[in-house]
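We just call them A, B, C and D in the order they show up, numbering each chain from 1.
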Amino acid sequence: MTQTPAKADRDAELSTAEKQLYEDFNRFGLIPLWTEREDLMPMTPAPQAVPHVWHWDDLYPLAARAGDLIPVGRGGERRAISVSNPGLPGLPYATPTLWAAIQYLGPNEVAPAHRHSQNAFRFVLEGEGVWTVVDSDPVAMRRGDLLLTPGWQFHGHHNPHPKPMAWLDGLDIPFVAATDTGFFEFGEDGVTDRSTPHRSRSERIWGHPGLRPLAATATDTPNSPLAAYRWEHTDAALTAQLEVAAEGHPGVVTEPGHAAVRFSNPTTGGDALTTIRTEMHRIAAGERTAAVRETGSSVWQVFDGTGAITLDGKRTDLVRGDVIAVPSWCEVAIEARTDLDLFRFSDAPIFERLNLARREYS
Amino acid sequence: MTQTPAKADRDAELSTAEKQLYEDFNRFGLIPLWTEREDLMPMTPAPQAVPHVWHWDDLYPLAARAGDLIPVGRGGERRAISVSNPGLPGLPYATPTLWAAIQYLGPNEVAPAHRHSQNAFRFVLEGEGVWTVVDSDPVAMRRGDLLLTPGWQFHGHHNPHPKPMAWLDGLDIPFVAATDTGFFEFGEDGVTDRSTPHRSRSERIWGHPGLRPLAATATDTPNSPLAAYRWEHTDAALTAQLEVAAEGHPGVVTEPGHAAVRFSNPTTGGDALTTIRTEMHRIAAGERTAAVRETGSSVWQVFDGTGAITLDGKRTDLVRGDVIAVPSWCEVAIEARTDLDLFRFSDAPIFERLNLARREYS
Amino acid sequence: MTQTPAKADRDAELSTAEKQLYEDFNRFGLIPLWTEREDLMPMTPAPQAVPHVWHWDDLYPLAARAGDLIPVGRGGERRAISVSNPGLPGLPYATPTLWAAIQYLGPNEVAPAHRHSQNAFRFVLEGEGVWTVVDSDPVAMRRGDLLLTPGWQFHGHHNPHPKPMAWLDGLDIPFVAATDTGFFEFGEDGVTDRSTPHRSRSERIWGHPGLRPLAATATDTPNSPLAAYRWEHTDAALTAQLEVAAEGHPGVVTEPGHAAVRFSNPTTGGDALTTIRTEMHRIAAGERTAAVRETGSSVWQVFDGTGAITLDGKRTDLVRGDVIAVPSWCEVAIEARTDLDLFRFSDAPIFERLNLARREYS
Amino acid sequence: MTQTPAKADRDAELSTAEKQLYEDFNRFGLIPLWTEREDLMPMTPAPQAVPHVWHWDDLYPLAARAGDLIPVGRGGERRAISVSNPGLPGLPYATPTLWAAIQYLGPNEVAPAHRHSQNAFRFVLEGEGVWTVVDSDPVAMRRGDLLLTPGWQFHGHHNPHPKPMAWLDGLDIPFVAATDTGFFEFGEDGVTDRSTPHRSRSERIWGHPGLRPLAATATDTPNSPLAAYRWEHTDAALTAQLEVAAEGHPGVVTEPGHAAVRFSNPTTGGDALTTIRTEMHRIAAGERTAAVRETGSSVWQVFDGTGAITLDGKRTDLVRGDVIAVPSWCEVAIEARTDLDLFRFSDAPIFERLNLARREYS
């Protein structure tokens, strides 16, 4: 919204009365629409954020170095290093609404408990051995798992093992910051429960397909009560979609050779988090997705395999761990060289609720 | 609504003008409220249906005899024998809204495909070896499983094995009959797919905890898209509830020693069928449920274990396979001698949607 | 469900073993489906209720005679005379789910307060001067008005004037009776507030188009908080629809020459009552509605004008005050000789919520 | 998010390895959370926007001067002058999500038709004589009226009279800009219908209390189908609330002496616009509202009367036309010297849908 050459030209032509008018606008804290309309209300979304790819092979060593140098305790709270979209310089934002970071926890370290209105998840690219303790329920983290920490639930992490672990954190920090809706609170200095169960209580109660507990407390909740979505289930679901499609049954996959699931809230069938959509995609080797634009932004991470992504016409090769920011209305198409698994998160639930969602296939 | 003695007395005292008035009401097809109010609008529900228990040990041999004598083909469609509530004589109704039957399919028999607006399920007390084919998807039936055939989906059954199999059928036939909302249509004479997969396509696509397919066809549906709820999952969910409660965590079970799950529609979190609630309960040996009354009726079947049920003060021993009809507002309490598993279905979703649901603990 | 000739023939051919089987079914409280399927599950709805028309000119004099002979106090509660569908002999039911009656209140009479889970409304064909007091809010009754008494709200009526008044009562009594979900409670012997305001408090708070009070109590409610829908608004809405359509704007009327409004709950946009849909229709002189069948039943009352209704092919002339019962799946078409205004109520909200609604144009 | 003194101090103490680490973060487009957490995730909302008041007596003369100097045609589209929050310098934003402007249309001028995904409304402080034409429906603008132009509906304005008119425009421009979800399209150069009806077609069809058209097109819509909420209704609703409360009935007003209505969508009972809540408040002379903080921001305009507003402890006198920006979590209390009517709009519907709404009374 800086002054464009066109505006400067126009300024030169202004009459004295007009100049005085613009000065008075300024004096009274006003801005005319007629000089701003094109910037404020473009014909199609014109994000400042740009498409960008970060490589896990760059991220992980930096996180490990931070592990040596930076303590993880109270204040900083988390050893998380966020990607910063080159179109949003100085801001730790993957997109205008989404925050994505690598978080690293060394052997025997503890990230102390806190809570915040921001919704959060962890997605595990590799490794295991850390437990995230969500409202006193210890949740094991293993490769391929999606772990939720919905807004205002206390959560800390602890690593009882001699090996470090790193993962992807996703939050709606930029959205909450832009709308001034965030609250934050410290919890206990450690984590409340250092036990290391294979399955969380949340999974034991809520992780059975189509089965809802009848306890009076098991009411509908805005965010999912299921704290962990395990890779074994996600993998099985994607595998089954491609197999059933291969057996000749229509309507099962997203498009030919492209299986996908959404992580959902079993109490409502809606998104697992109110502000963040989370999905896992599998594209069969040799297949290519239809090019598509959507309002709202997203972040992808390659979970496994190799391929390429084309963002507004620019093609980039993909390997395991790559993190990709996709701004609003950016045209996206993905090719799979090998079978290609990708995790995706986006802000789509916000705009679907507000009648602002649009999608267009090229 | 037959004439009571009180009315007869009153009739005797009527003036000539009054008698003429009542005759004229009758002539014009009218009935006054003031003689009917107490019957029509009782202070609390006054069902004609009565609490009643049928024994599987009576039902099964009769079904087997029917298997020898009655063919299963087109016209009769099903070798199903329904319980008839003694309070609703001559009507094949378990309660005013629910139909419950034992269905029996002999070796190599086929129950031909049809569809109807009535919602239906099968619950398997014992045995296995039949496939129900729902909209061309073959669904294996095994002990402890709940199988859905939502309204207007074609379904037939076939038994490719040398042993007969019997199960419990539940439908909303009386509700649909009372409201004149039923449609029926014949399908192919046989079943469309005689394959015998271990898992249906529906389970392969929808049977993963918290995971929703992203295909454009995977929209919200009024009934569950998941055709089978397998005993292994139900059992695990009930076991986990009791274990987590035993570990000292509150809010997990329905009441102390009483675990329960509802079979739900993963697209909405609501009931698996629009008109029929389906649940599985486990009561730990020695425990007793709180006595409760609810509007609407239900049918229970003992899946395993022994105990007793007290219905409006009358106690009956329970053994495996017993089928129990519970009318509206009947007080129910259940005791478990051994660990006691019970399947339950009810018409609660109808009344919850209509603001007519009430529950009262004694 | 009585024995048909076909069944009798079949019985004659039964083997001894078969006869014994049917006897044993009977002994154990069982009924086979294969002898009942056609009756239980017809191809299309086969209501026992029949189309029927009652005339206000018959109803009103009978109600007036009852006014002379029958007191209105506690016990009988109401001087209401219900229509009894000839297909449901002995039952005071207009259809299997709906109750319709003429209620008559003489000069200075009071119908004492009570409440019940059954939902109720009054529709005023003619006259004025009675107040219905709903949860202590006096609501004036005037020609053309629809007045609500949703389930479990106390209500009584009083007539402070020297002239009698009669109106149409509609309730879901048969539905609630069939499902055993009714509760009833007496209130005070009189009515709590004998004031006679022109507008009820409910209308003063809720009767402004598109405006919702912000008070903490103004939450969404299952039934409408608006106790009265006044004829002046209904008439204006119907008039406007026909005028706007006549000006050439599409999509405004239900079909050419046929304006209609639904009485709705301003907190949700849904039906004014959870179980009963209420509508007002205006058909321009000379127009004819498309013939249509719907699941569920309805009752119409001619508010003004003359015309004819054709029910399953049988045509009946209509004049002011006629009450018409339309069973499920009965084909309905209406012609207007003069401009014809009709009030309608139906059980459609029940079946729309349960996925049992169907409509078919001929 | 500029570097704070605390950060500068810390930088001075960094080891060489740490300095290298931060440089490498920068090189790879990364930002650590531990230096940002406090800014990014404050304990309570810490908006950059500040409370501010603009005066209509400043705004109107500037708008009138613009009317003399600035043409209103294609390109600029509108002669709208927006307030710019002093905490968001250079941005034409009242708050981070809301845009508020005075728009001025001279005699015989036309603001050409366009449409955009941004939701918009007009609120008329004074004057009349302009028609806003929304999807071809001419809607008269008069003092006290709220006029809607929901997202993606074509709209233009024309003033067929010899007097100018000015009003308040409200839009969700900043929210849509921050989330890159906006689309814009030009319509015809003029407006499609220059007729000047007293009531729009939208009001004739939808503006009857509790009455919904039955036409097939009258489905539920995300934004209200009612284009105008007239002052006569708003005033009557506020008057009635205070009167009914004065008669001694509880639960009618928002708090003692404080009446308020929300402009709602009659198809759902929800907010009139998906992203913008609109309300009218009346505070009786001498009354004072309870101090309250809410997440999300709002803009008020004094419609009539005098009083004062206290924002985070700072008290400002209020007169007719004053426009007040209230940032998120700012404590607000209002006193009425005379009876005081205030229009308010806010972004609350966004946060209520996302589980981010909080309110706290002091």
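Everything that follows uses one rule, which is that contacts are C-beta pairs under 8 Å (C-beta built on N, C-alpha and C of every residue); 3 or more make two chains touch, one makes a residue touch a chain.
For reference, the UniProt names are A, B, C, D = Cupin.
As the structure is a computational prediction, the values presented were derived from the model and not from experiment.
> Which is the least count of steps on a path of touching chains running from chain A to chain C?
2
> Touching both chain C and chain D, which chains are there?
none
> Among all other chains, pick the one whose mean CA position is farthest from the mean CA position of chain C.
Measuring from the centre of chain C, the most distant chain centre belongs to A.
> Which chain pair is joined by more contacting C-beta pairs, A-D or A-B?
If we tally the contacting C-beta pairs, A-D comes out ahead.
> Could you grab the centroid distance between chain B and chain D? Build each centroid from C-alpha atoms only and quote it in angstrom.
Roughly 52 Å separates the two chain centres.
> Can you check how far apart chain A and chain D are, centre to centre, with Cα atoms defining each centre and the answer in Å?
30
> Just curious, how far off is chain B from chain A if you go by their C-alpha centres, in Å?
43
> Hey, what residues on chain A touch two or more of the other chains?
Residues of chain A touching two or more partner chains: there are none.
> Where do chains touch, given as pairs?
Result of the pairwise touch check is A-B, A-D, B-C, C-D.
> For a test of understanding, state which residues of chain C touch chain B in their complex under the given definition.
1, 15, 17-18, 21, 24-25, 28-37, 40-47, 49, 52, 54, 58-59, 62, 65-66, 68-70, 75-86, 90-92, 96-97, 101, 116-118, 151, 173, 175-185, 222-223, 274-275, 295-297, 327-329, 347, 349-351, 353-356, 358
> Which bits of chain A are touching chain B when the two form their complex?
201, 203-217, 220, 224, 226, 229, 233-234, 236-237, 240-241, 243-244, 247, 249, 251-254, 260-269, 272, 279
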